[in-house]
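Chains here go by letter, A, B and C, matching the order in which they are written, and residues are numbered from 1 within each.
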Amino acid sequence: MERHPFSTPIGWRGLFRIISERFLKLRNSRVARRALRNSLLLTGIGLFTFVVLLGIFADFLAITPYDEVQMRHRFEPPSAAFPFGTDNFGRDIFSRVVYGARISLQIGLSVVVLSGISGVIFGTLAGYFPRLDNVIMRVMDALLAFPEIILAIAIAATLGPSTANAIIALAVVYTPRTARVVRASVLVIRQMDYVTAAICAGATDMRILRRHVFPNTMAPLVVQLTFIFAYAVIAEAVLSFLGIGAVPPTPTWGNIIAEGRNYIREATWISLFPGLAIGITVLGLNLLGDGLRDVLDPRMKVRHG
Amino acid sequence: MIAFILRRLFAVIPVLLLVTLASFLLMRLIPGDPAMLIADISASDAEIEKIREQLGLNEPFLTQLLHWYGNLLRGDLGESYLLGRSVTQAIWERLPTTLSLTLLSFVLSTTIAVTLGVIAAVKANTWLDQFVMSFALIGVALPNFWMGLMLIILFSVHLGWLPSGGYVPLSEDFWGWLRTCTLPAISLALLQIGLLSRITRATMLEVLQQDYIRTARAKGLSKSKVVGKHALKNVLVPVITILGISFSLLISGSLVIETVFSLPGVGKLLGSAILRRDYPVIQGGLIFVAVSMIFINLLVDILYAWVDPRVRY
Amino acid sequence: MASPVIPLLEVRDLSVHFRTEGQKVTAVDRISFDLAEGEVLGIVGESGSGKSTVALALMQLIATPPGSIDAERLSFKGKDLMSMSDREMRAVRGNEISMIFQEPMSSLNPVFTIGNQLVETICEHEPLTKRQAFAKAVDLLRLVGIPDPEARVTDYPHHLSGGMRQRVMIAMALACAPKLLLADEPTTALDVTIQAQVLELLQHLQGELDMAVVLITHDLGVVAEYTHRVVVMYAGRIVEEAPVADLFAAPQHPYTELLLKSMPPLDEDLHRLLAIPGSVPSPTEMPTGCRFAPRCPYAQNICRETEPAMIRESPARAAACWRLVDYKVPA
């Protein structure tokens, strides 16, 4: 998390340079300029950065430890001392939501990294080696036949409740999505003249993949991974809500909502704030994904107001 | 058309095999011994061994698999550990609740989403468009179980308009059913409305640029007829293709929403099974949902071919 | 036209602007022309000259915004089209003025049968029952030379070839016996052999129904064959107007002259063919002075500085070129 480029204060322009040059291998100032004009993208980055900062600086922001039980302060409504109120154990909801940001983002990022890596591996194998294509894609199709959340729930329920198992379940569920995106770009790139030229020049498969194929699959993959991050944040909340995600007292937005559910009539604030936090994160990520898609590939653009 | 349907049915078979195989394998991942889960804590080794024998766990893997497929073909999804009945029966009893909830939500979300999307496209780049699209973005971002809780607070606790839970079967009392199902259906529908209205808007904007829309206007048709007839049908064609995804999301959503609103449906069944580690029910529910999805997608394909005259079957 | 009666269509100083990304672009700039009943007028020009925009403006089918239409007068049968309400204009469209488009492949709605689309037009403007309208639709398809119209009427557009679809478009346009037909490059998208068939059909129906036609094309061969009078457009302006025989015999504007020279003659080798150097200026970068000056072999200093007005030699003949001024009115 610490080395995530969003965490250093480098300003908007620097941020875009990093995204466009290092992340996406695009040294194209037109893309950067389009990005700066795209207000959706800017809003998305703003919202998401806000949540990321909450997660990073959770230790400073949460004055009361997230697991400190204060029986004198049970069910206190939002006040100056407890901005988001307290729960049935008198724990500070604000602290729990802020720490929840860290856990939820860590889970989201792990899912993105895992499904990204496995998607690249399976997608490249399927796209680059026609003999493997059928086998890999049929298995992916079978996974896609399950509704995502239900499959994640079944896997997580089978493996047993824990943060790691939730991550594994979600990564398995989203791998077909990334694999499809990677495979589609690899299929296109494989037909390009410069790849044919490289093959003729005697380049090895590994070299062609590394030099020509991977850099060009990055843009659509990053867009897809942004959306997967958003889905993963919601899906993790669902798993925690059903009691098969991270185990209490570890606070995740999902299990704070689940714990607050029993007191929803008397202490609505317990469930209210983590839900809003999920909303802000997912909204930010969706806007970021839409914006990146507009900027990186205007032809894929879904027109907005 | 018959040949087309048969061909599609045939293509479904390998997917069905893979999906059921995946469900079977998933249950082999359960840490520990299933027999231990069923047996009493006080059970002796011999008793556990007897349960293993009954479950066929001592058979070779392939025999177990074939035996399992044999049962599946007869519609036998195994026995629930805890409910004292077969999984098939448990699902069957709860199916009407889930079906009526998802259908109500489906009708609600589709009509609202298409209407909103069309309005946003026709009024593109006005405040109305921006309002509708902001609503759509927020609808997609908020988790539906949380929306359900907030709707309960607003409509049941504060306003007292609708009950916060419970269920009246549709066959008994239509109005009672509608009262108990409205809040869950709306919670489920919000995500759909968000997704579908954005897609409808984008498609409508594209369709409105087409030459045949200009032709329709040149014929002297009113704007409402141009949009409501000529454009709308062309918008519905691509929208139909994502109805399969819609249903998939509604079914996934119903799992959590039924838990939130205590509706006695398949989702609630699965939710409790997860909490109580009733693995046969989890497995059966998984298979049931996946197989339903495969057939819903098949139905969507057929519907698509029927609506779009250009599709050759 | 020196006609004592009111012309069918009267266009005075029609301009069409589009506003895109803060820029105002003029697609059609102060053009004027008349059209008599039963007359066939050709509008010729390269792509980007604004000729299709003229037709859409006459139909009031320019989307506003981003477009806007200005005209001193735009009257049809003495009625002002500009001041008509939406409802009044709809009664004109498809009824008294019809239009056919360049792309028959995409101009018919793919998800409705051609019968449905024909019946819809008829019922919009005439008080007929569905059954009567359906019978009329079959008659119309027969009129435009579609074989086996009873069977074709239940077909979807994708069942038909491009030429057949354009015939359906013509049938739809003629459904209510319009006084004026706007044909925007009706044959450009079709095979050469089909082009002639469709144009012959249009000519035949024009005579039979005694309607006026505005035939928009970039093909001077089509103009020579099928029109009575021609308006030549360049970069949003009319540069020359003449009866068709006069235009081909003695073009007055250099642009017309070059257009004629670039026509492939039937009896000579193609290597003599002359192309006009350069291209139509983009509407955002209009030259000052005569718009054709940058490509004109005769351009003088005055051409690059001041735009020439239309010089009317006779009621039917006019052109906008400084060379005419020099000849007629020596400065």
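The rule is simple: a contact is a pair of C-beta atoms (placed from the backbone, for glycine too) under 8 Å apart; a residue touches a chain by one contact, two chains touch by 3 or more.
Worth saying up front: this structure is predicted, and the values here are computed from it rather than measured.
Participant: For subunit A and subunit B, which third chains touch each of them?
Facilitator: none
Participant: What pair of chains has the most C-beta pairs in contact?
Facilitator: A-B
Participant: Find the chain most remote from subunit A, comparing centres computed as mean CA coordinates.
Facilitator: C
Participant: What's the distance between the Cα centroids of subunit A and subunit B, rounded to whole Å?
Facilitator: Distance between chain centres: 23 Å.
Participant: What whole-Å value do you get for the distance between subunit A and subunit C if each is reduced to the mean of its CA atoms?
Facilitator: Subunit A and subunit C have C-alpha centres separated by 55 Å.
Participant: Between subunit B and subunit C, what's the gap in Å when you average each chain's C-alpha atoms?
Facilitator: Result: the chain centres lie 54 Å from each other.
Participant: Specify, in ascending order, the residues of subunit A that touch 2 or more different other chains.
Facilitator: There are none in subunit A.
Participant: Considering subunit B alone, which of its residues make contact with at least two other chains?
Facilitator: none
Participant: So which stretches of subunit C touch two or more other chains?
Facilitator: Residues of subunit C never touch two or more of the other chains.
Participant: Show me the residue ranges of subunit B that touch subunit A in the complex, using the header's touch definition.
Facilitator: Against subunit A, the touching part of subunit B is residues 14-15, 18-19, 21-23, 26-27, 29-31, 120, 124-126, 129-130, 132-133, 137-138, 140-143, 145-147, 149-150, 152-153, 157, 198, 201-202, 205, 248-249, 251-253, 255-256, 259-260, 270-271, 274-275, 277, 279, 282-283, 285-286, 289-290, 293-294.
Participant: Contact residues on subunit A for subunit B in the complex?
Facilitator: Against subunit B, the touching part of subunit A is residues 138-139, 141-143, 145-151, 153-155, 157-160, 230, 234, 237-238, 241-244, 257, 261, 264-265, 268, 271-272, 274-275, 278-280, 282-283, 286-287, 302-305.
Participant: Mind listing the subunit B positions that touch subunit C in their complex?
Facilitator: Result: residues 210-212, 214-223, 230, 233-234, 237, 307-310 of subunit B touch subunit C.
Participant: Which residues, counting only subunit C, touch subunit B once they are in their complex?
Facilitator: Its residues touching subunit B are 59, 61, 86, 90-95, 98-99, 101, 103, 106-112, 120-121, 124-125, 156, 158, 169, 172.
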